[in-house]
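One structure, as structure tokens, below. Some questions next.
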């Protein structure tokens, strides 16, 4: 085949120091992932999701959210395909009326066969759930994984090194709002796009950048090891940060004479980005100063991910909430979450063909701006709690 | 993978006593299957069908229906893709004018090469045809299978044990009308849904049930061996029957206290169901008392089946026919064949993902109401006339 | 499986004398193929194409057309997916601003990382281009293939044996116009349809044939070896011609009594067809006398081809061009290129299922009219400059 990358030098510095990452097509397991916004699951509501190949049904009963295996063990249909609400204590399969206890997943009765001997003898698995600030998180992985780590260990660190720190999803008084949608790429391509220091070009013509006259450097070349910071809190988040606030660690690229391009914009405030296992991005000072955007790239199957975009801001009263709603509805969702980040989805999907075949990892020619991406791959290889196997019902 | 059926007891009674059935993804061969309604094939008409992977072209000439291999041996295009009617004696390929005798499939001439030496030296295969009461049946399987069994051996038995027995498709004076459509599941999932004693729940809210105030028990638990009857007529139909008319064989479930559900309806008349090789259902007393519904689940390929729904009723004159048309057009097709049975298609397709991968047969956890389904699987394993191989032109 | 071609005689004369042809699913390599009409690539325009599995980006800069590998070696996205025009000297990737020299494919700069050490050290491959008479041709195959043969060697011969010879795409004063579109069959099925002497039947009801009262014989049976001529010019085109102008070489079939068909039409002028490597058809005297139609069947992947239809006519001044435009727009494109040739696309696609699985080549039963098709298969097997391998980024 003609398409070759003829290399005049020996291959990149990346090497093969992150083999577990390359095997994580279906995600990493035994981590907390967002599954739904609270608003998507009203009382008595049912919702089916797929996370890292796990088909899971969410059910809210008397206010509490339960998560169970979304396949009835009888004939293996998805119970969420046709929600049946005959009882607040059970998840009932629409096909033959198998009723599973919401708390323990045990088969409590069969509607039309209340004397059947398998009753109370079989069960479906359940998943740990946490609901906070409008977000429903599930702990997805091995059924017997213990102990379940705290949710905070799978979220970005709480920022404390700046004057007005951004909000955090676990804060008490906080505004949390966003969207999620399915995108057609493996989750790893999404993560690598999310905090990629070199992908500024695709956002060059964004309304938000132009309207706020934000200074958009052509690039940021790391010149000292301080440019990238590893985050490894004991029993806490594992992540990696682009230290853009420390401009002595970077040479900011003002122009490129070969293509005659120059920096644009006037206002100079950096957005700092950091990425955490199992694939959670924190963008500080975004969409506007003082705000923060959190993103998750939740593996669906090996070729899709659920893209979560959530903006967070400290919020202490109804007035502040109204102001936040005004900004979110009037500008953030349209201009930032959609128009701006649509370009990112485009980029991830453009990588999918070659990486999806598994060949991209060998064919890519990385450069100096990819140092942090290599760091991320090593980080995941080191700190994941297990590589997710594909579902066993696929060929 | 997380989705597991943790079993607190050793596995089901089903065992592996029906291996041939598990291998019959493409259907069982050397059986009679319906291919078209007579009304779909007018004089000089051409129609292509696929049954159990066999591509077959139907052609009506001077009233008689012929069935031939629907691939011209020259360049292997389907002749039915672009019907060409240059002669009443031949099936002519639209591409290069190869003309095959309707009776014997022999290449009789090539329109533009009447002197070609292969003329009269090659042939395509033909299939036995029977047309009766508006239904066209084909015998599909091995070309050299002998002797061809009678069509009646592949139809439900004629019911004689009730006062006003329902009509049979081979009756002399009978009303036969229905529809067929393609559904996205393997044929076996369709069969197993068709006479499944435990799937009442999906029909609970049907108009027909409500309008006729029919009593709908929550379930029927078999309590004696008489609940299921094997049918094994010498040289005749092989089938299995839910003996619902014998209510001493069942405990009818009136309520389920755990989910607080009770039986509904007032009028008590049972519908009896039985299933025959190669996958033909008889539902007595349906859609209304005195009627019968016959269903076929004809394998198309290994992931689709053609779903046939035909209602049958004794009919001796034009008045009775008019009355039957009134019922069929005004109620049966809309409320029974479509609305009611649409739920069944939904259920079959919901099983396809896990069973289509071949894993469902291992993962399923059967219960007492599935006894007859296991019986059916053994019946097919014992009495099929051959397991259909996949077409040889697929990879 | 039932669909069999029972042969009463031993298999066809074809044998297995053309194994390389059977392996050429992705096309033959190191040949010239049309990639775009000049009108599709305006100044500063960018266009992505796929030829024989090669993803190639075309770019016009200062009038000249360049062709480069359409995958940036960094993250392997297609550069044509989102054309970026920051410089007339470079092909710039929209994702991270990698800028490749149009002439040599060398990485000249990275917009946001102008100091990166890989700059000037890596390259993407380029493809030879020729643009003539509104057609852009690429030489597709091995990067190091040498010497590049002249374009004329991959085009039909220049016709000189008739009084008013038709135009040739390389002529100085010539009218060249047409269309191209994607069709769903392997390129070889398209070629074999293009000059197939026996496929007249599918064109029987064409407007152009009826309106010009052209005599359409039922067939042409070759009776002497002169019916087929091999073309093997030293360093020039390799092809094969149906010698329809020499009617002593054929028995023209006037009628077929078995199906009672007779020749139609009144005006008797033959169209002569010939086919050349890498799959270029010349139809003389078509769509009208004195014109010629050229067709290419450019492999896209192994299941699709780009179908090119171009009419050519000598043209020496503006008046003749206006007359040609009148004919082209008023009749040729609608009636010939589309309506007439649509039937050919239908036929190719009808062959795809069985040939696409690779089984058609074994199952087909060829006859005497296929002699020239067998000749073509041998010709390709003998004279191709290499069998194209599949792209290496597919599984």
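Here the chain labels run A, B and C in written order, and each chain numbers its own residues starting at 1.
In this section, a residue touches a chain if its C-beta (ideal position, glycine included) is under 8 Å from a C-beta of that chain, and two chains touch if they have at least 3 such contacts.
For clarity, every value in this text was computed on a predicted model and none was experimentally measured.
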Same vs different contact residues, subunit A with subunit C, by half of numbers used: different
Angle of rotation relating subunit A to subunit B [CA atoms, steps of 5 degrees]: 120
Between subunit A and subunit C, centroid-to-centroid distance (C-alpha), Å: 47
Residues of subunit B whose C-beta touches two or more other chains: none
Subunit C contact footprint on subunit A (complex, rising order): 1-9, 196, 198-202, 217-221, 251, 253, 256-261, 346-347, 350-351, 353-355, 357-360, 363-369
Subunit A residues touching subunit B - in the complex, by the definition given at the top: 53-55, 69-71, 73-78, 81-82, 84, 86-87, 90, 92, 94-97, 99, 108-118, 121-125, 127, 140-143, 389-395
